[in-house]
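Here come two complexes built around chain A, the first alongside chain B, the second alongside chain C.
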Partner chain A sequence: MSVQIPFRPKDPAAGAARSGGPLGSVDRAARALLAPTRSGSSPLAVAVVTVLTVAAALGITAGLVAIVGGAPGEVFSSMLDGSVGTPGAFSQTLLEATPLLLVAVGSCVSSRAGVFNIGQEGQMLIGASVGAYVGLRTQGPPAVVLTLTLVCSALGGALWAAIPAVMRYRRGVDVVVSTLLMIFIAEQLVSFVVSKPWLLQETRVSGQIVAPQSNALAPSFRLPTLGDYPGLTISLGAFLAVGLAIVVAVLLARSRWGFRLRMLGHNPLAARHAGVREATFGGLALALSGAFSGLAGGVVLTGEVYRLQPGMSDNYGWDGLLVALVARDNPIAAVPTALVFGALRSGGGVLASTGVPAYLIDITQALLVFAFVLPPALLALWRSTADRRPPPPGRHLHLRPGRRVRGRRVTGGHGGRGTHGANGAYRAYGECGARGAGRGERGDRREGQRR
Partner chain B sequence: MTQPPRPPRSAAPAIELRGITKRYGRVVACDGVDLAVRRGEIHGLLGENGAGKSTLMKVLSGLVRPDSGVILRDGVPVDVADPHVAAGIGVAMVHQHFSLVGALTVWENVVLGEGREGRDRCDGGLAPAGGQGAHKGWLAGARGRHGQGRGRLRRDEACADVVRVGERYGITVDPLARVDSLSAGQRQRVEIIKCLRRDPDVIVLDEPTSVLSLAESRDLFAVLRRAVTGDGAARDGAVTGDGDLPAKAVVLISHKLAEILGATDRVTVLRRGRVVTRRATADTDAATLAREMVGREVSLGEEAAALGLTPPILSTGAARDGAAVLEVAGVTVGAPSGVPLLESFTLGLRAGEIVGLYGVEGNGQSALGDVLAGLVVPDRGEVRVAGEAVDLRRPGALHAAGVGVIPEDRHRSGVVLDMSVADNLVMTDLGPVSGRLLVSRRRQLRHAAELAERFAISCPSLDAPLRTLSGGNQQRVVLARELAGSPAVLVAAQPTRGLDVGAIEGMYGELRAAAARGVAVLLVSTELEEVMALSHRIAVISAGRVVGELDPAEADAERLGLLVGGAVGDHAATASALVSGRASTVQAGATGDGR
Partner chain C sequence: MILDDGATILSSAIRLAAPLGFAACGEYLAERAGTMNISIEGMMITGAFTAVAAASATGSATLGLLAGAIAGLVIGAVHGNASHRLAVNTFVVGLTLNVLALGATSFFNESMDLTGHQVAQVSIPVLRDIPLVGEPLFVQRWPVYLLLGLIPLTWYLVERTRWGLELRAVGENPQGADVTGIRVNIRRRQALLWCGLFSGLGGAHLAVGAVGSFNDNMTAGRGYLVIAAVIFGAWRLRGTILGVALFGLADAMRLALPAVGVKLNSQLLIAAPYLLALAAMVLVVRRTRQPAALGKPFTRGIV
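So, the complex of A and B:
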């Protein structure tokens, strides 16, 4: 159990890139970005385009696999094997999907209120730390301690998210920026906590090096599972997550609270006129989102890792955010989406055995997110260009004064686009490399952990 | 006026649109519209909201590509692919909403967006006028216009140009003033100078008088007249260096009959995207135009206000007795710039009366609407409903106290476009349709269906997003919701803006009915005719305070116009100075909201 895990703080730039939000982006920009996903085109048109974009995403993935020298078919089947092929693999998928779903449900709550929380990674870590403290320092009946651990995890995450909420509604600090930056504080806090013996550092055993991690939770304080290892095992956390997703979905759609929250997210001024206190509702939504992330941290702690480690959030926060994005802020839709992303994560673990770099999974994930988020925006774009399309030719001549200007403009446009394309491709390639390094490192850690 | 325009009127009109058709989805905005505008005329384009006027002009100015049709400039077909092309062929547009940058000065705004082409043209086209009046210094400071680097702004020349164009047409604006500090009327002058400086042949003005007082509107029409007759001489008789300018053509878009009748030479009437008629203005009258515009016989008594005509006084100013239901007492709302939007605003409303609050746009009406909708907490003062002071810091407190609000900009604070019609109908008052935790869908739909029927809201389904409804129906949703809770007070801010005549009549009927039921109605409006048609009492707002109160029987356009201008009482000069300062800050605030 005492495997050494080299701790390195995650590359912040990579994290930001994954979230889709550059560091300087503001709440409003994020909302504007998401706006096209909410309204406009007919569901059928969106569905058709989504099928096309998903197909395109898979096609590009296959192409990339071929480029790096793999066989797309082989990679695909090994990923299937690694994620859903065997009961064991599927268990792993469920294990990965659970925290993703919890984080995603929390994100749904905050984005419905128009607050774009992207600090889930940090909120998870804080939640896990508080949970670990309670789980390691409390004695009592297992059910009570376990419940207390999870509740305190959620509380920890909520309090951590409440700090940006207070900053937002007292001082107008942008939520996107503050939640993002608080991730780094959370990471440093956790590494501090697990490196001080008087806090949570693991007990010194003579002859062994002390690692920056906490002791393991007592087996009875861990989340119970249904089923045994070679067969299908389902952690209690999975039921918890699905249950909460349903509860939140019902509350959002049917309750007075959900009604006001949606009103606030769509039109804060109309909501204020209708008596909704923005600070209370928005702050609560952000804290709730943090609570779900904290709970996700607690579930990872009690159901997967069993001890506090600085890297334990393992991008669940970012990936969960993407799940919410793909599920378009619908907690029910987040359930299957989380499963797909969980499968990608668990399937990605076995990808290395095929000789294909594991970071391809990241690219696939990103492409899938694009494939799901893009269609409404594409349709809107298509509509607006249709509006500006010139009238059908033939009826009359287009000429004279406008001609020269137009010709120049068009040529200029082409040149510009070409350059942009080249630059974009170059940049994207560079980022892949950086991310790949990160993924490999993480893969190592996970393998060690499972041994 | 005596000299013939140059070049002489040729057979071909200055600008001609032939068979312009533009569809938005299933809606046909313009359906084979023909329009010809000759040099030397002010051409009125009349039609209700949604008749296709704006779309047509967007086609002309290159903002929208038509589905079919052709534009001819002096008889030559041109492809107006984008606004730059439109500018290149000498078409300039003054939009309904100003496109000025508040933080920049007048001259900066005037040169903004001009290509080098435009600058050269101006430099060469207009010879310097004699330095007259207060701006002489700027002219004297004008340096040679050559030998400076490309892309460098030549401030002095630009300032001189602003003064020159201003003097030519009799519109004076200080080129060094910040646009922020100008009144709405002055801002429009800047827009017009910006437009005229490029020496366009065709000027399009979209609903230019909506932000102007009566006097300012008259000035504007005088300027336009000078532009089309080619009479470049300034009002004070200054003689310009290069004689007369070539005659221009002006297109004046309006939905107000009185304006069209008073200011135009010829008129084209649009209805539902089609040309109904085109004729010389002198050959027609209000009744005919009204019939053509609306498509049915219109009684100029009841509906005149909706068409922009001053109606006969219908509601006698039988002032109601009794205690005030709504009292706004000494409300002051500050602005970031420090000049208050509302200053000690005081007004009382009694049950069953309609009080019209009339004023030129941007004099504090928006701030008042925001205060009464609970969106803004005033710095000082209080609002009492039925004698009880309301805690304005608590969201929704005013609504709970019985103040219903139809906001000026319903999309901003009145409705949630992406929520359903049923949701929008219940959103201010969830109590009757919900239990402690959950909203009862059954009760909500029943309640919504009742309201939809009572207020004749036509929608595809109660679950359809509000976005899918027409403007008139959206407004009815707001009205239905705000009246559903049987309020004691109804604040209707510009309630008919953007509605067609039928919807406007409906709104008038509802307001009158509400007053008859004993609701105190505050009608905030910039439309003189509307205020005069509906009000039992007229209050005039200027620079954030009530400057006068009149009985409609004794109110006429002139008196109201004077009050609006702030020229009342002992401090007429101060008042008008205040008007300009205050008005601009409101404007700045409004644009800052990202509308």
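So, the complex of A and C:
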């Protein structure tokens, strides 16, 4: 690889990719897993604060249960029973986790490229529609038709996501907004498709009301499962999702394509100068993300619902996006996260029996996202306020020799004012590299304490 | 006959557009300051629920309206502090707040017993007898007339005050604004507070003004419609309000046309606002009328 650019020195993954060596020491692997953030905080600190915020999120959830008159312990144990307690419940958890994981892996790809796709819900629906069209209108050996259904679902999602990509790189339209708005267009499109008999509406049976949904897929064209109900059943989709997560993780971390993608996400300007074509890589990342969402739609179609319905995406798209956020855009971390979110979803199904509204799990999911997103930012804020704390009043010589600043001993002889030392003392005080070197004198006074 | 139908459609268009109008003023402010605020959906639903809950507790729909606005303000404060103090990605914050708000309002709605309240209807004596426009314009719930005052207020705030000038500077060129001594992130937080206040009011008006009760997910994507309106209006207040009016009209047509006997695809009418907004973006963005720093976080230092 001929790419030689000044890169963020604190990004361990980039370092590993550049050196081309094995993934590196345990420390680097832990860093990559725990804190692929750009805050520069130590992974241990992030982990500690994350534990605290997760505890707070669960505490708030328990408080909400208590407010509406439920017993938190009872709710927790019944949710545990309903999600992992029996083989049947665990099968349901796996079934719910599969589309979440697929959507999340796609979100990881686009987010790593610096493209924030939030239209997964719509891409899923379009993928499922295309898949349903193929699955209902094609005849042939089951394996071939099933594969074709899934591939076409992915293609459908990719095409739907390619529209915002074209709009972004041809006309400069913001991806977040266009993908968001296209969800609602997709919803109406699907509801149109299932309301027209010449498209996908179910065939009329005399004496029955025709619902706005498609015919059911033939049993042989559905995703096969291992195991028998009421024992543990695992759909083929779960293996597919985990396999794809591993493939994407390896590609992102180890391939030239993955390196360029991440470079684009970290620093588009540097990437452009290094010869990464923004439109090609960013657009491809967005289309890939759409393909994963479309595939998730196809998996829901062939493994869970078996027919196209306007409500079949069932918030999988939004929740999968949340999974990616909690996993901090790491496809491997998305696997356990998707399991937890899937368990929440399947456990939420039994909440009604405890008298607590099932909407509790939406709250828990959102709070969990905050619990995982906030710690790096909190630490960064704490560091920056610690850095920018103004000198004590009336004492300009705050860099006295012998004083300890952020754990480093300031050595003598650096002209005590501490602003233009341009050497060790300056760095020890301000760590100016961390947030760019813009520590002007005026700036310090004006907005020194808070941003 | 045609006059009657027209009056009915116009009347319901104004009724449907009013909640969007409140929120659109807020979203306009936030976007001019450089925040692409997608938590507006969460602000609206929270405002709607809080309004009904407060009205149910106090028995006064007006107090409910006030409580709804304050609830929106709280969401705005959370969003502002998370994305313009902690520097978390604003879309992540907005998205999560939306999920949280939708879940929390449905959760409490199911576990509380709320009674519906509705604000009073204003009916202006002589003017309401004008054919076609009389009834739509002069027989409405009173917050609609509050909106008539709020739109010029928003315009004045943004275009005619020093604060508004700074707000626009922050949205166009935060680095430059920072150098001239404007506190960029504080301005953005303030814009989000206004946005929360107005959007909460919009949601509250939807609940205790237009409908009179709360049901789960009652905003149903209206917040995103507001974002579409601001884009459709090319980040100008006049265009934004025009967009809101158009979207309200499309919604009213969808409800009214089947009764009149005109066949028009309802899915197309529902999707029309989003299609219009996308078309506007494709056509308008090239002319760089979008606030230059829209959606870009600001941190001090070399870019």
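Operating definition for what follows: the second predicted complex is superposed on the first by the 347 of 451 C-alpha atoms of A that agree within 3 Å, B and C clash if a C-alpha of one lies under 4 Å from a C-alpha of the other, contacts with A are read in each partner's own complex, and residues count from 1 in each chain.
In this section, a contact is a pair of C-beta atoms (placed from the backbone, for glycine too) under 8 Å apart; a residue touches a chain by one contact, two chains touch by 3 or more.
Nothing here was measured: the structure is a model prediction, and the numbers come from that model.
Once the two complexes are overlaid on the shared chain, A:Met263 sits against chain B while remaining clear of chain C. By the document's definition of touching, neither partner reaches A:Arg137: not chain B, not chain C. Look at A:Arg254: by the touch rule set out above, it reaches chain B but stays clear of chain C.
A count of residues in chain A touched by chain B and by chain C gives the higher number to C. In the superposition on chain A, A:Leu367 contacts chain C only, with no contact to chain B. When the two structures are aligned on the shared chain, A:His273 is found in touch with chain B, with no touch to chain C. For the contact definition in use here, the chain B contact set and the chain C contact set of chain A share no residue. Every residue of chain C that touches chain A in the complex is listed here, in rising order: 36, 38, 82, 84-89, 91-93, 95-97, 99-100, 102-104, 106-108, 110-111, 178, 181, 183, 185, 221, 224, 227-228, 231, 265, 267-268, 270-271, 274-275, 277-278, 281-282, 285-286, 290, 294-295, 299-302.
On chain A, the positions that touch chain B within their shared complex are 38-39, 254-257, 259-260, 262-263, 266-267, 269-278, 387-392, 395-403, 405-406, 409. Put simply, chain B touches chain A in their complex at residues 24, 64-70, 73, 76-82, 84-85, 88-89, 373-375, 394-397, 399-400, 405, 407, 412-419, 423, 427-428, 430, 434, 437-439, 441, 465, 467.
Note for the complex: chain A touches chain C at residues 64, 68-69, 116, 118, 167, 171-174, 176-178, 180-182, 184-185, 188-189, 191-192, 195, 318, 321-322, 325, 356-357, 359-363, 365-367, 369-370, 373-374, 377-378, 380-381, 435-438, 443, 446-447, 450-451.
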